[in-house]
Each structure stands twice: as structure tokens, then as C-alpha cells.
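We call the chains A, B, C and D, going by the order they appear; numbering starts again at 1 in every chain.
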Amino acid sequence: MKKNTSIIGASGYSGAELLSILLRHPQINVTRVFANSSAGKKVSELYPLFRSTYVGTLTYEEYALDKIQSDDIIFIALPSGEAMNYVPALVDAGKKVIDLGGDFRLQDTTLYQKYYKHEHMAAAYLPKAVYGLPEWNKKKIIPAQLIANPGCYVTSALLPLLPLVKENLIEPTGITISSMSGVSGAGRKSSIDLSFTEVNESVKAYKVGTHQHTPEIETVLRDFGGKDSTVTFAPHLIPITRGIYSSIYVTPKSGLTNDILDASYKKYYTSAPFVRLIGDAEPEIKNVQYTNYIDIGWKMYERNNQVILLSVIDNLVKGAAGQAVQNMNLMFGFDETESLL
Amino acid sequence: MKKNTSIIGASGYSGAELLSILLRHPQINVTRVFANSSAGKKVSELYPLFRSTYVGTLTYEEYALDKIQSDDIIFIALPSGEAMNYVPALVDAGKKVIDLGGDFRLQDTTLYQKYYKHEHMAAAYLPKAVYGLPEWNKKKIIPAQLIANPGCYVTSALLPLLPLVKENLIEPTGITISSMSGVSGAGRKSSIDLSFTEVNESVKAYKVGTHQHTPEIETVLRDFGGKDSTVTFAPHLIPITRGIYSSIYVTPKSGLTNDILDASYKKYYTSAPFVRLIGDAEPEIKNVQYTNYIDIGWKMYERNNQVILLSVIDNLVKGAAGQAVQNMNLMFGFDETESLL
Amino acid sequence: MKKNTSIIGASGYSGAELLSILLRHPQINVTRVFANSSAGKKVSELYPLFRSTYVGTLTYEEYALDKIQSDDIIFIALPSGEAMNYVPALVDAGKKVIDLGGDFRLQDTTLYQKYYKHEHMAAAYLPKAVYGLPEWNKKKIIPAQLIANPGCYVTSALLPLLPLVKENLIEPTGITISSMSGVSGAGRKSSIDLSFTEVNESVKAYKVGTHQHTPEIETVLRDFGGKDSTVTFAPHLIPITRGIYSSIYVTPKSGLTNDILDASYKKYYTSAPFVRLIGDAEPEIKNVQYTNYIDIGWKMYERNNQVILLSVIDNLVKGAAGQAVQNMNLMFGFDETESLL
Amino acid sequence: MKKNTSIIGASGYSGAELLSILLRHPQINVTRVFANSSAGKKVSELYPLFRSTYVGTLTYEEYALDKIQSDDIIFIALPSGEAMNYVPALVDAGKKVIDLGGDFRLQDTTLYQKYYKHEHMAAAYLPKAVYGLPEWNKKKIIPAQLIANPGCYVTSALLPLLPLVKENLIEPTGITISSMSGVSGAGRKSSIDLSFTEVNESVKAYKVGTHQHTPEIETVLRDFGGKDSTVTFAPHLIPITRGIYSSIYVTPKSGLTNDILDASYKKYYTSAPFVRLIGDAEPEIKNVQYTNYIDIGWKMYERNNQVILLSVIDNLVKGAAGQAVQNMNLMFGFDETESLL
């Protein structure tokens, strides 16, 4: 029997991507789409690509708890700071919840407040939150009630870094992550800074050293990699719609060889259906667009005692909606790749 | 001695383009920049490309009539419907005025109201307005006090059409103008529809048959071409920053040959410094970007008794600020091409 | 049991798109991929997006007739002029063939030679060719052995035009088709004219009045619409990867109303799974990208006695590989939409 | 009196940019344009933007030494490895030469051969070559006969780095330079990899750790900064036409403060007309496009003991043709900024 789901915050780009994946999922039925700012409009008004699909005929509604009683799982695709207003009641009502935002990714509320610039209002529910990085946390994801879906940049950085940190092959401190992101990562917003004329034919670094994904990367490197890490993270906005490119500069511990690198990646990812290891080669964003794959390449740079890790994902899929569905597949015992290949 | 000028509405894209041209104009001094919405900010805050130029250090101000007393000429680069609130007092104060917007282009206020969707509040000043298409109205532009600078699409359509209409070589009715414009034509605005993610990798027709440049094209074809004309005008938004491509489908009168076409264009444009005739060839937007040129090509299509005219301009230069400076050069007796080549 | 297929010309963009659709088709097995110029390379070398799929591990081969003996159907995705070297032997061998190129679309070899600039070398096989426009020719497609898959521009023009021509609602002559295409339509080629730097931030009309899709449009309007038609067709290259926008200017016969237009489109397309009628609205390319849909809108422009038809498709899907699979689905009795929704 | 100049390799993007700058230079006359591959074509055939200028009417010629006898200075804008075939005879003939390529930038021919993959054929002329970075080498540039114009990436990296290395404020080793470049940097070439469809909506790192600009950066940091340096340099190709963004990660020596950073940059660049210091802010490529400026920003990241330097240039102007003209201005005693502001 199909599982019922609703989406809170279904009018943004992640929400729309989620709709398009769930639409083709044979075991899922989308019951309602909540979006306060667009309440009363049909999904196909905002996203005409859904014309002539059942998702397109759904109408955005204002959220109310009694509207989701028949749902098995709720996705939240709201800007950070908003999910924590919904999660407590949903969890109390026994619903499974996957939050695509940042509210339940950091267990440390002081760190949360420092980087998100507002207080955490649902700290009591943090212990229930399971970090939804399937390649590293599958056992806890399967029985979880509340999933904190990883950040987009974070996903692109962690999957190449974790095997090397965990295996003690690189220095866990002094990691430099230089990332480029497409504009959909900034969300569906009316803003001069995101207008075509301002973004096209340009590049801009932003939030260098202060981006909220910085503590998330360091926390996960500690929790899953087992090392206290420090990273310098510099994101750049580039004129493409979808995709993240992360170039990561690390210092190898002595004795690291290409063969060891290769073996370590294989050890962790041979059975990971969405990780593609491309070895001593450069990945390209176009090869993962509209997919849930991450492509990971690497360059040993012995002359300078450096290793450069290169990864690409689609920020809306593996960096958001796709990974969320991957988590859901695990939680319901579906095939992990269902509707994602 | 230098002429002084101020710009009302200097914070939009046309205003900024105007600033960059006036900055290099040896006979012009920009005294003030008015922009109510940005008052108090430096020009270089909105447009960092002006850093380290005197234009960049100017501060946007709220407009007041007493601030422009020492100016010789005022440019208005406001959305249509706003210039008419400023023009009467400026004209009464004896200032020369060039309005880059649509408020003084149509002498017929009924037509104005129909297409601009609001009443004309300064109809008494319309008789003073001279249509600023230098290639066709130079004699009246030189002594004018108030210039209505042509619309961007209009410029791209009129320059190829006028010689043929005037010389009675094509049917003046049933003209089809299919145009594509870069996004800067929509102005500097915060709007989801103009965001990178919505515009990139897409195309959208808009205001088909209802665009306010339609009556302007027909009026000028009548006034300067001497024929009652009807045009079907369909603009399309395409993912480039600058430029307009107009493909114009007309029916030749009998006997029209390529040689006659060629001779007619030469008759009108041999001494026009910004019109480049490329004959039986296809123009490309990149060849006119950041310039005041219009490139005009044409295709005789005898099989179907059609002629296809193709033109390209930079919407912010020949379609707005460049043409405005061209008009100013004429009004002050400067070289017509000063700071425009 | 699955059907076996091979692709001749599998290294171009249409071929790759075909691979990606066939890859997810549950009733199809891709046996071989032929591409003389890339023989010996794996598919994933040219198209790394296929890494880790069985299609990616296939190796491009030189074509030989004995290699396709076990296939049920052969797709040909070669430049026009090449398919006719392969089709005769394939047809003689009893294979089903779908040609994505132009070699079998025009029954009139004189017309073919005029527009394709070379002689037709397989004229004897033209009578076997069925024009693969499913919305208009389904009965003949189902039992066909040889399908001539329609041209990309042609598809975008015919689907809006045919109901109106067939129902005698518009003048069949004097039709103006102004189209814009993404760069993938030009194929995977090394050429300065197609380089990023030349195409980006520009637009260029090309082959105005001489494009080989012109006679195809006219022929089909006559054969399926029942009228002798003439069209003026002007394609434009624009800086997007995928998509065609066609703006079509026609003259209505007297008495045509929006209601009649609406009813006529519904009459022909209510049960067409890939035609989305959007009425008096403007379609956008982004809504059909990566899909087999065509969105059709229209504008009655009574003032000038014109109707403007607007359509969008993805040139690689509905304009090529998707439509080819739609035809195959019909030929094998599969669901028409299998792997295309 | 005007100086005469010819360009060898005038058909590439740097050559065309050079033409457009020299065209507006009041003290320069372009006499001939050499381009073996395009000999016989007019400049305006390859670059129609030059239509109706005297540069546009010039015809590309095959080079011969006797054709440049009346020239005062020769620019060479050829791919690396070719200039060294022309320079010896030009120098022997007493001509001033500015080479925009890499052949005379490295005094160490072993290093040259390692990175450029071919032998140096004109090593005897290396001692005459002066490195053309005006902000750091003006005294030697003024009387020079042969200028090695810096590489584009190199310029973007050196100008932010040199003051800090020279003043001993940062560790000279372990410098990480993550750069993004527009596609014009790859030259005007027919190549599938540079086609619009392959580059658009994607990003690709290339030559990571092996790019020929790596030894150039290190050499200049030693020669002008006075320290033995090592840099890890990773260039990325991004879908814009013009511009380079360099994000540079360095380790401060103890005691470095924002004030010291600020003072050091001012010390070296207060009178540098093309260096704009933007302090603790992020530069954007669009602010320097079509200009000879470099914008430099920086971020102290005390938490991780890092400083991040951010710079932007137009690769064809400050990264190539503009800097070459800046050098020429110095060599002839013209105003350093002539035709570059």
C-alpha cells in the first residue's frame, strides 16, 4: 500500500524538485502541499512544468496540523529557522519527518545560534534528530522518526572527505573547501542580487568563513570521521541554474599513495549506489545534473604535499530533494534507489 | 566650457549606462544623480564598476527642482508614467530635457492611455516634445527643448522599416515584428520572473500584440514614413543581458529587387554614423553589444513574395542611453558621435 | 520479452538522448551502439553521465550489417545524407528502422536535392517510409517498417498549425514561422561558430528562407492538413542548450473566434498525451525541457486580423529522441507514453 | 607623431581585444595584422564588430619580416611555443616587442620545457626579456626592448599576493590558488570541449597542479617578493565569456591584522591606476569586465589562522591585451592609462 506524504514549504525549488521525484515514486502518494505564501494557487501556476500531472492540479494550502493526520511522512522544505516551529507537533503526533533545512543538523544550539543568527526554539527535539547522510548513517536512518537532511555544500564536501578523515589519511585540520554553486541554491526569491542581469556573466564569493555550512561540515567530520577538524569554507555564486562544484585542498599524512586513496574510497563506497568514483580525473557538473549522483575525483600533488579532492552534485537532488527521498526509501524499507535512478 | 547635466532616475540600468557614457564625454559634467529609492547611497554602492571614478563617488539624492538650477540639460531615465511628473517644471524652468521613457513619445493621449494603462498628466507639454530618432529627425532635434527618446524595440524596428515605407517599396500594413530582448530591458528590479533561475535556459514571449511599443512603431511609420501602417509585434525575453534582435517580415510591392533595397538603405543611411548595412546577411547581437550601432541585414524571399529584415542593437545603448547622448550631441552642436564610438 | 535495438550514430546528442530514454525503458535492451568516428571508445568516455549504467559500459563500434541480426529495431541518428546509405540493407533484412534524420521525410526527391544539396541515393525505399508524427499518423505508424522521424523545428510548427489548416480556419499560405533553437540542435561538433564564446550573449538568424525544414513543413501541411501551403521560416540560434520556441503568425479566415480555436485544438489533441494546450497564454521553454511535451498557446489579435501561435518543445526529446521512442512504442504495441512521462 | 604597430597573431581573442584598444589609442597606428591561418580575410570577416572602422578594413596577412620595417613596436599574440620563432629576428632588427604568450616569462628553460612540453628555441634572447607587470616592474619596463606580458591567471594571483609576500606577512609556501576562468581564456578554437553545449551549465577543473602558470607565479613571487614560494594552483572553466576569479588561501604570520593588511596594500597600490582595493568585501567579475582593473578584496579568518584573498580581472584586458598596452604606454612615455580607462 502506498504511503501518504505532505510537503510543508512546497513552493520553493527544493519543494518542487521533491514533488517531481515523488510524482514518479510508485509507493508514494502526495496528499497535500503547504505553502503559506502561495496558498490558493495551483502547483502548476508556479511550476507549469507540472501541467497535466496530478501534482500540478494540487492547490497550495495554509498548513494546519489536522490536515496531515492521514500522512505517514512529512517533508519540510522551508528556510532555516522555520522548520523548528512545525517539527515538535509533528513528532508528538507520531509522524515521520524529513527536514531539508538546517534546523536539526547541529546538536549544539550555541553553534546553531552563532551561525544561523537566531535562537533554537525546539532544542528538546534535537536528540531525536538523525543526520540523514545515507552513505554514513544508514543504520540510524532506517528506524529514525526525524531526519535532518544534510546541507547541499556539506554533502559535496563530506562524501569526499569522510573516508580520508576516518582512515586517518589526511590532516583533519586546515582543510580548504572552495565551492561554486548554481543560483537555485539561493532559493526561489525576488531579489535584485539574484536577478539574471546581476548574476549572468559574473562570479561572486559570499559568506566566506561565515557560511552556516561550516560548523555542519566540522561537526560531521568529528562525529563520523572521528577527528576534530577545522575547515575554511568559501562558497561562490556562479551563473548556472543547478549544481555544486567543490574543490577541496587537504594535506596528506605521510605515506599516502594514489593506491591507498583509491582503496579507501572503494572501501566506503563500493556499495553506495549514488557515489561514482572517477579517480585521477576532473568531474564536471553536467554529468550529475538532474541526478542523485555525486562524482568524486582526486589529484595527488606530491610536489607540494597536497591532495586535491573534486566533487560535483546537483544541489537540488543529491544536495536536497533526492537525498531526502533516499532517506525516505531507507525509512520505509523501499529500495534505496527507488525513483532516483 | 562644459555643459552640466543631472540624471533623474540614475539608479536603473539605463541610468547607469548613461553615466558610463557621460563619464567619458569631454564636454559634459555630471552634477547630480537623482534616485529617490536609493537616496543616500553612493553610485559605486549600486554599481561597483564605477569605483575610483568621479561618477562613483556621487551620492544618489532625492530630486528637488532647486538642485538643478545650474544644469544645462536633464536626462530622465524613469519608468513610464513618472517622467510626466517632472517634465513640466523642468521645461518651464527653461531646461533642456531628454526623457528616455515613453511619456512623451505618443502625441495621442488616448493611445497613450490605452497602452500605458494610465492617464497622461502633462498633455499640455506634448507639443514641445520632439521624437529623438536622429537618423530621421535631426533638424527638429537640434533646436529642441524636450526630446522623447525612442523605445528600444522601436529603434530596432524603425531603422530597417522606415526607408522601405518611405520609398513605398513595401506594404505598410501587415508587418510582422518578432523581437528578442535581453533581460536588462526589463530594468533593475527585484522580481521572481526576472531571477536567474527563471530566465536562464528558457525563452518566453510576453505582451504579444499589447506591448506599448506597438503604437509607437505605427505612429512613427506614419509620421516619418508617410503611410498608415499596422504592425503585429511580438517581443520575447531571452537569456542574455544586453541586446535586441528584431526579425521583421514584410510584403514587397511589385518590382522590388535587392538592388533597389540596397540603394534605398544607402540613400538614407550613408551618412548615418551608427547604421551599418550588412546586406544579404544575418546580423548578430554580439557585434553591437556595448556600442551605439545598429546592424541591418535583409533577405529577399521571392518564392513567397516576402522580405525579411533583420536588425540588432544594444538595448541600453542605441536603444536607450547611447541614443540619448546622440540626441544631446546634436542639441549642443557637438560631434554627433562624441563618446559613442 | 524485451526487444533488442541498436543505434547507428549513437555518439551525437540525439543518440545520447535516445540512449538515456531507452536505458529506462523496461521493454528494451540496447545491444550495440555504432559510431564510426568514436569506434573503440566507451559511451561513458563521451558521455560520463552514463558512468555506472550498462549503457555507459557499451563500446562504440563500426557498423556492420551482420552485427544487428538479433535486433528488432534500429535507430539511425546520423546527419542527413548518411542514413540513406544504411536504410536499404536494413529494410531488406526485415528490420524495423526509425531514422531521426531528414533522408526519408520528403517523398519528392527533387525537393530533397534542392534543400539538402545532394542527390537522394535510396529513392526506391521512400514509398516504405511513414512520417512519424504520432498525433497525426498513428494508424500508419503502428504497422510501419520504416519511420521518418519529423524534424525538430517541424514538430514545433506542425502541431500548432495542423488543426487550424485541416479545419480550414486559417489561410494556408503566407504563414510566418519565427523560431529560436538551443545549440544542441546543431549537433555535437567541433566548430568555432558553435563555441561558447561565439554563441553566448548573442543571437543569430541563419538559413532564413533556405532551411531544409521549410519544404517538410509545407509538405506535411498539404498531406495531413489537406491544403497547399507556403511558409516563411526563419530559425535563430540562441544561447541555451536545449529547446525550441516557435512563434507562428497566421491569418484567420473570417469568423474565427477564440472558442473555435479552443475547440479545434481540443478536437485533435484531447487524447494526445504529449500535447498540452495552454490557451491564451505564453509557453516557456523551461516547462518542457527534458520532457516529450509540446506546450501550445495562442493569441487572437483581432485588431490586425492575425492569430499568433506559440509553441515550445525540447529539440532533443519531442524534437528527436523522445518522438522516436513514441513511434517505437506505437510500433511494438507498448503504451505510447512508456518511459516518456 | 604616431607610433606604428603590427600584431602577429591578430586573429585570436587577445589579438582582437588588442585591436579594439589600439583603435581608440590616439598615438598609435595599426599598420598590419598578421594571422597565417586567416590570411586574405578582412578583420571584419572574423570580427564583424569592427565593421566600419579602419581596423575592420585591414586584411590579415602572412607574416614576413620585411613587412614590419616601418613599425616601432610589434605585439605577438600567438599560442605559447610560437612567439619564440619570431622574437629573435624582431629583436635583432631593433624592434620593440611585447609577447602576450608564455615564451619569455620563465628564464629557466628547464622549467619552461617541463610545463610547456617543448624545448625553448630562443634561449639566447631570454636575458633581454623584461617581465611586464607594471605595478612591480615599471623601472625595467620603461627602457625594455622585449616584454614578456604576464599570464592571465598569474596577474590575478600575483597582484594580491606580492605585497604580503614582500612585506613578510604571510607564509610564502603552501599557498592555494583556486581560480575560475571564462571560456575566452582558452582562445578562439574549434573544439568540442569548448562548444556551447559542453560548457554551458557546467564547471570543470583542469590541469590541476600541472598548469603552466604555476611556475610563473612561483618565479615571480621569488623574484619580486623575495621569497621561495610554493603554490597549489587549480583552474576551473566556468560558463562565462570573460573574466577570472581567483580565491587565494594563505597562512598569515603571527601578528597580522586587518589594519596591517590594509596598510600594506595601500603602500604598494595607492598610485597604481588599475588596482582597486575593496577591503573586507567580495569582488565580482562583472565590475571589471571590459576594463583594465583588478579588484582585490580580503578576509581575515582568525578562527582558522587563514587569510583569503579574492581578486577579479578581465582575462582579455588586464590579463592580456590591456596589460600589454599598459606596458606599451610606459615604454613610449605615454600616460600609463591612455586608452585604458
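Everything that follows uses one rule, which is that a contact is a pair of C-beta atoms (placed from the backbone, for glycine too) under 8 Å apart; a residue touches a chain by one contact, two chains touch by 3 or more.
Keep in mind the model is a prediction, meaning the values are calculated, not measured.
*Asks:* Comparing the two chain pairs, does A-D have more C-beta contacts than C-D, or is it the other way round?
*Replies:* By the number of C-beta pairs in contact, the winner is A-D.
*Asks:* Which chain's centre, taken as the mean of its Cα atoms, is farthest from the centre of chain B?
*Replies:* A
*Asks:* Averaged over CA atoms, how far is the centre of chain A from the centre of chain C? Could you give it in whole Å?
*Replies:* 37
*Asks:* Using Cα averages as centroids, what's the distance between chain C and chain D in whole Å?
*Replies:* Roughly 46 Å, centre to centre.
*Asks:* Quick one: chain A and chain D, Cα centre-to-centre, how many Å?
*Replies:* Taking the average C-alpha coordinate of chain A and of chain D, the gap between them is 39 Å.
*Asks:* Enumerate the residues of chain B that touch no fewer than two other chains.
*Replies:* Correct list: 198, 201, 239-241, 284, 286.
*Asks:* Give every residue of chain A touching chain B within the complex, in rising order.
*Replies:* 13, 183-184, 188-192, 194-201, 239-241
*Asks:* For the complex, which residues does chain B have touching chain C?
*Replies:* 174, 176, 178, 180, 198, 201-206, 208-209, 230-232, 234, 236, 238-243, 245, 247, 249, 282-286, 289, 299, 301, 303-304, 306, 308, 310, 312
*Asks:* List the residues on chain A that touch chain C in their complex, please.
*Replies:* Residues 48-49, 51-52, 201, 276, 278, 284, 286-288, 290-291, 293, 295 of chain A touch chain C in their complex.
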